[in-house]
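Below, chain A partners chain B and then partners chain C, in two separate complexes.
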Partner chain A sequence: MSTTPSVTTAAQKDSSQVRQKEMIARHFDRLAAAPDSGARCAYTFVPGNLTELLLSFDVLPVLPEINALQSAMRGKTAEYIAAAEKLGHSEDVCTYVKSDIGMMKSGNIGPTGQRLPTPDLLLLSYTGCFTFMKWFELLREDYHCPVAMLHVPYQADGRITDNMRTYVVDQLKNVVIPKLEEVTGRKYDEDRLRAHLARSAQAEDDLVWVLQSAKNVPSPIDAYFGAVYYVGPIFSAFRGTADAVDYYRELRAEIAERIRQGKGPVTPDGEVERERFRIVVEGPPNWTSFRQFWKMFSDEGAVAVASTYSKVGGVYDLGFRHDPDHPLETLAEYCLGCYTNLSLPTRIDLLTRYLSEYRADGFLINSVKSCNSFSAGQLHILREVEARSGRPGGFIESDLVDPRYFSAANIKNRLESYFQMLDQKRAGAAS
Partner chain B sequence: MGFLPIYVPRELLHAQGVLPVGLMGGRPDLEIIKGDAYYQSYICHLPRSTIELGLNGSYDALDGLIFPAICDVIRNLSGMWQMLFPKVLVHYLDVPQNFDPAIGGAFYRRDLESLSQALAARGARPLTADALRQSIALYNENRRLVRELYALRRREPWKVPTHELYVVLRAALVVPVEESTPMFADYLALTSADRSRRPQDQARVLVTGSFCEQPPLALIKTLERAGCYIVDDDFVQVHRFIRSDIPVDGDPLQSIVNALLTDAVASPTRYIADEVKGADLNQRATDSGAEGVLFCAPSFCDPALLDQPMAVRAVERTAIPWTAFKYAENNGQFQVIREQAGTFADSIKLWSGA
Partner chain C sequence: MNYTVGIDLGSTTTKAVVLGEDGAVLGRGITNSRSNYDVACSVALSEALINARFSLIAGQFQSIARDPAQAPALVGALERKFRAEQYRSQLRVLDTELRRFLSRLLTRPPAATGIVDRIAGRMTAEVDALYAEGARRKSDFFRDLAGSRYLALAEEEARATGVSFDLLAGLFDKAILDVENSAEAAGRFDEHAAAALAALPGADPALTTAVARVSALTLDQIGSVGTGYGRQRLPFPEGRIRSEILCHGLGAHAMFPRTRTVLDIGGQDTKAIQVDEQGIVTSFQMNDRCAAGCGRYLGYIADEMSLGLHELGPIASQSSAPVRINSTCTVFAGAELRERLSLGEKREDILAGLHRAIVLRAMSLLARSGGVKDEFTFTGGVARNQAAVAALRTLVEENYGARTVNISEDSIYTGALGAALFALRSAAAA
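Now for the complex of A and B:
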């Protein structure tokens, strides 16, 4: 639709990106070496992950969701999903699960091409999604390893009650920690945990600064597609590490420099030189055509200035920080506060708030077939947020890692019409 | 108070003078006018009919709804209900997945106490131990009769056709326990005494996966007409979710809590910690003398469909054959299912004859 290219300069890697790549490579090297080194590893989920606790036991985290999305970016998920469906997994269920199972059945080769170790523990943190529970029940049948279940109640009334907090802390004390002690043969060391939590809080401060930098006009970051990379370390194996602290400090400095220079976000195809639309995005991205999907935005000069997906591993911008003075309570609060554990009214409030705080022109929902946790209710969200904010919402449908559900032409059409409508609205308001 | 599948402790509501009303979505003939505008095509049907019935005034008599924590769809529906019907009580019953009485039990107890207080704040009687004991006793009797009906169906399935039993169980969701208990007793007495009901050459099957969104009655009839005796099932499971009597002595609220922790069915919506997945299903198949298992889940039902590969593996460890199909509550055509179930029943009969 737009005739003036919005993306012009060639993309180059920032040093934070290089650092992140190295961190990931080192982590997967350690995982690949685990069978020989004797290092323990736990499979666990992004929302409600207990990385600091795992690190305090020297346990290496493996995040199957991240493996699935990485597999999608490498074009592997079609075959993995087909393998899982052949084994009887329904076409109707979450494709992360099927991708993971297909990957396991195909040799468990991780994103770096190295074999992942089998888990010593499945840390089933049941936060914000029912599917997690079934996922690890399924994996347990193949891995025959211990499972630590942490049931995190849902914030149905939009707040964390004492009952919820106590329940989670009780499980941490009586289920999760004893299981980690059993698996590692080590005693729980609260001082180590506190040290990790202190580092988490430091990194979280910088992450929030980075995400909120999108309040600038033009925004120096893309807070949906670009943010996927920014949240990577803190949502996965690195929260609570010195590496993460360094990464976020470096990233912050880079973004500060972009603001100083009045630059827009970097995309894989170059920099967005002309910010035409500021958009808030709800829902996870599609991973099989991630670059193509992003390009549909950046070609139009559409920049995501806030997203909910970048909060699935923690809604830090509302003020939560890991608190080393209350180690177990803070882990409980963290688990309870992840985005998909929030009630629908709270999600609507948050989106409405983003639209005004980030001076967005509108919002888009990418509704993924896989994920009832995100998707059930999104049409209601669409109407409510439109009504409250007075800004137009768009709705597209795709999937996380199943390429069969990414219809590029269809999505492109919808996006173009949506941006056209924003343009017309703007023209109407100006006249 | 309305409640969604699968289970709420109806005794608690009853003890406070509240009528529990079981809601299970809509019938196939319910025209969905508004509900579809709330849900994408890849979400099960129950929430759209529930919204439809809410918006068309069918639930106006209810003072509120309880949403048990069984899946993300019902979970998110609770938030939509808060917004669409701000005047009614909306309670999300977060049933624990930790079954230690001191942990999950304590959490659940406090959750029930908050439900009880919310009901009292809306005019229900405050909860007393004596009233709760009486309610437990009434529901024990109610559940006992359901167990008897299921036992009779296991012994003489021709006496208790499932399409009849199902209607009786559904009716019991919307009347007081004082009425449903005699209704069960009457049905039990009448059907036991009915000598005109004679055995037929049908295959005994266990139907599983239909614990939330319900199949249309015509689907149940289709299975029966295709040559199946349904000897166990997951339909209208609230009546059997707690497997035995709840003690009436001691602390009655704690007894309700303990019943959920230790005596509930191994539903796909509950975390199975130490037992083997599917062991319960196999036990049910053995107990009911099932010759085949029909996996019969609603389309897009996460708990049922994610569970199914594990349940299938468990069934395959026995010699019992199985088949699987999906449905939606508004399906009107059953030709394919009739053929599938008919072939399945024929093959069972063939092999059992051999």
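Now for the complex of A and C:
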């Protein structure tokens, strides 16, 4: 039991944070101006996003999942979800979907307070989430715009075969690219795509370095809550941009400096000065009480040293990098390798590996009500990872963006119990 | 004499367990939880210390009694007299408070003062019978005992005098808070013990000696740990608070050292806990954001049926054909119950079905936590309910085969016992 606070020093914004904020502001300015500027925009999802391809056509990406989570952090999702439920969407529907639909019906005001443009294309990259398909089906009804569907085969056997790769590449050639050409009136420019992909790989190298910095003891970063900010640019509209390259270079330098100074992670409430528990986390965070949720960890000196959620937009730490020499094949490989497209055994392998490589004390699963892609099988994962690693797993339940499903007292109770259990085991092992 | 205490502040009741320096349980105390957590803890602790003193009296008296075979019965009689004194003391405070609130009423019916006099007089006159040997009491809590009697008498008076029953009931609702929220209302041990002795004329003088020795003992608290749902509000420093998961694990291990799986069904949460051979928790699962299937559910059902909580189990046990109930939603419990009754189902069959539904939900948590290993210990308030226990035994055997199922008579104190053991360890390490 902690008797001294683990978090003391007041938090200060790093220059990479300021840079990211400016990047996002510029992007939303471009989106807000799109109806006047004539810029095209495509709505698309984080897992399996084809940002470099969109950018090569000068199409601006809009990420409805990111909008939903940002709406939650701004305290808007209760009203958006209510609006969607009023339209007939049941309580059991994914709350990202309901938040997005509610936002659309409430004027489509995005996270910066500016109106989002209507999509010229719904680019549906299907990577393990069936709801994505239904989501865009619903949006298509309202926006009356074309849908380009990229079907990505599930990695059921834990590996990517040549057939799978070819299958995705064929769709890119025959469905997605022609649709983008049709929507933009431009020809596909492979050289532009290669240039974006080269920048992606550069940023990915730095991102992986940042995420793997958590192998240090103490970890200079929080690889779950903190990583949400770190993966922001690369998971959204900025992969393949010079902005992203600059952002990750700067972030890497900042983290390198933290390591040099032996500092722990920065949280909204200050720096974690005493790392008491190193935790691997599986599952998305709760967004409606994100800061409170994080504080429940940092107050106990619990630092996430690795997480699977920070891989939903790409599992780069397993070695994948976008390859400008094979532009369509690399996009196919990227989509096939998304975390949501991985089988349960692969996820178990990954978590077990994280526990060992990051010298973690245990792992926690946040099972969210909305997302069966994540939650189905999580208890099996828990048991199996416990058995293989010998380290204890904890289990908490919440939701993505529906505030009704975040019971602070219950979650705090479970987290405290879990951390005390780790303490007790440690004391038991020491005696 | 030094002691450590563990306090489990639950959503329904607050429990305290007092341990001697050798780790033996000296006393246990319980009270109903209330908005004032400090008072709940203080009352539970003072009850545990009273219980501890009676244990000490029993021990001392046994060795010096004229007739050792009669010693336990005599100490039992002394404790009943003591409790009667304590009850009288609380009644006096209740009487004072009733009059105080009555005097504050803007429109006071002229007959009201006389009514309060008569009710207080009758309740005082009934005390000896309430604590007579073999007498059955519906509850151990003053609020429940005095409340049910007061309201029954108030109803009679309202009928006879025409004074509003609501007015009389309202007076009680206000007055009882001050009785409950004052730890002093229960009075002092030595005073009540002396009065209890005086009420046993002709008793073995050695009992007086034992009481005098124990009354003179100073009990010094050398460690305390708080746990339970309200632990963050316990009047303990942060370092002396433990999760109830750990406390239940350790408490169950202390009661039954071969325990490997613990199920605790409390007022608003259900916990399935796996422990190792040291009582260290290795994994656990709790109900999520909804209290469906927890003890509070049975509370609602009891209220709906105008029954005491402790009456549910015996009625359900009479069932020969339990109905199948799938919903354990606490809010829908009343609707489900009324619907079943309207369909002509028997009360005992519905109750048996409800108990099974609760246990089914607990079975799901047990499965999630890693299953039911041997030995299996069931704790918490619901472990006192024979129908829940029977349903659990059946379902455990059906799903996991033969298991030794441990249920202690003191299962409700499991969390507090674990907390007291943590306190003892800390005190020993200090």
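Criterion: the second predicted complex is superposed on the first by the 430 of 431 C-alpha atoms of A that agree within 3 Å, B and C clash if a C-alpha of one lies under 4 Å from a C-alpha of the other, contacts with A are read in each partner's own complex, and residues count from 1 in each chain.
Note that a residue touches a chain if its C-beta (ideal position, glycine included) is under 8 Å from a C-beta of that chain, and two chains touch if they have at least 3 such contacts.
Computed from a predicted structure; not experimentally measured.
Which of chain B and chain C touches more residues of chain A is settled by the count: it is B. Contacts of A:D92 after superposition on the shared chain: chain B is touched, whereas chain C is not.
In the superposed pair of complexes, A:K425 makes contact with chain C only, with no contact to chain B.
When the shared chain is aligned, chain B comes close enough to touch A:D157, but chain C does not.
Once chain A of one complex is fitted onto chain A of the other, the partner contacts of A:G113 are absent, as it touches neither chain B nor chain C.
Judged by the touch definition given at the top, the superposed model places A:E416 against chain C, while chain B stays out of reach.
Of the two partner chains placed around the shared chain by superposition, chain B and chain C are both touched by A:L379.
Look at A:G185: by the touch rule set out above, it reaches neither chain B nor chain C. Touch criterion not met for A:G38: it reaches neither chain B nor chain C.
Contact with both chain B and chain C is seen for A:E397 once the two complexes are overlaid on the shared chain.
When the two complexes are superposed on chain A, the residues of chain A that touch both chain B and chain C are 379, 397. Chain contact summary for the complex, chain A toward chain B: residues 87-90, 92-94, 97, 124, 126, 129-131, 133-135, 137-138, 141, 147, 149, 151, 153-154, 156-157, 163-164, 166-167, 170-171, 174-175, 343-348, 367, 369, 372-373, 375-380, 384, 397. Across the complex, chain A meets chain C through its residues 1-3, 379, 383, 386, 392-393, 395, 397, 405-407, 410, 413-414, 416-417, 420-421, 424-425, 428.
The residues of chain B lying in touch with chain A in their complex are 37-40, 42-43, 47, 67, 69-73, 75-80, 82-83, 92, 94, 96-98, 100, 102-104, 106-107, 110-111, 114, 268-269, 271-273, 277, 299-303, 305-310, 312-313, 326. Contacts from chain C toward chain A in the complex involve residues 229, 237-239, 241-246, 269, 276, 278, 280-286, 288-289, 368, 370.
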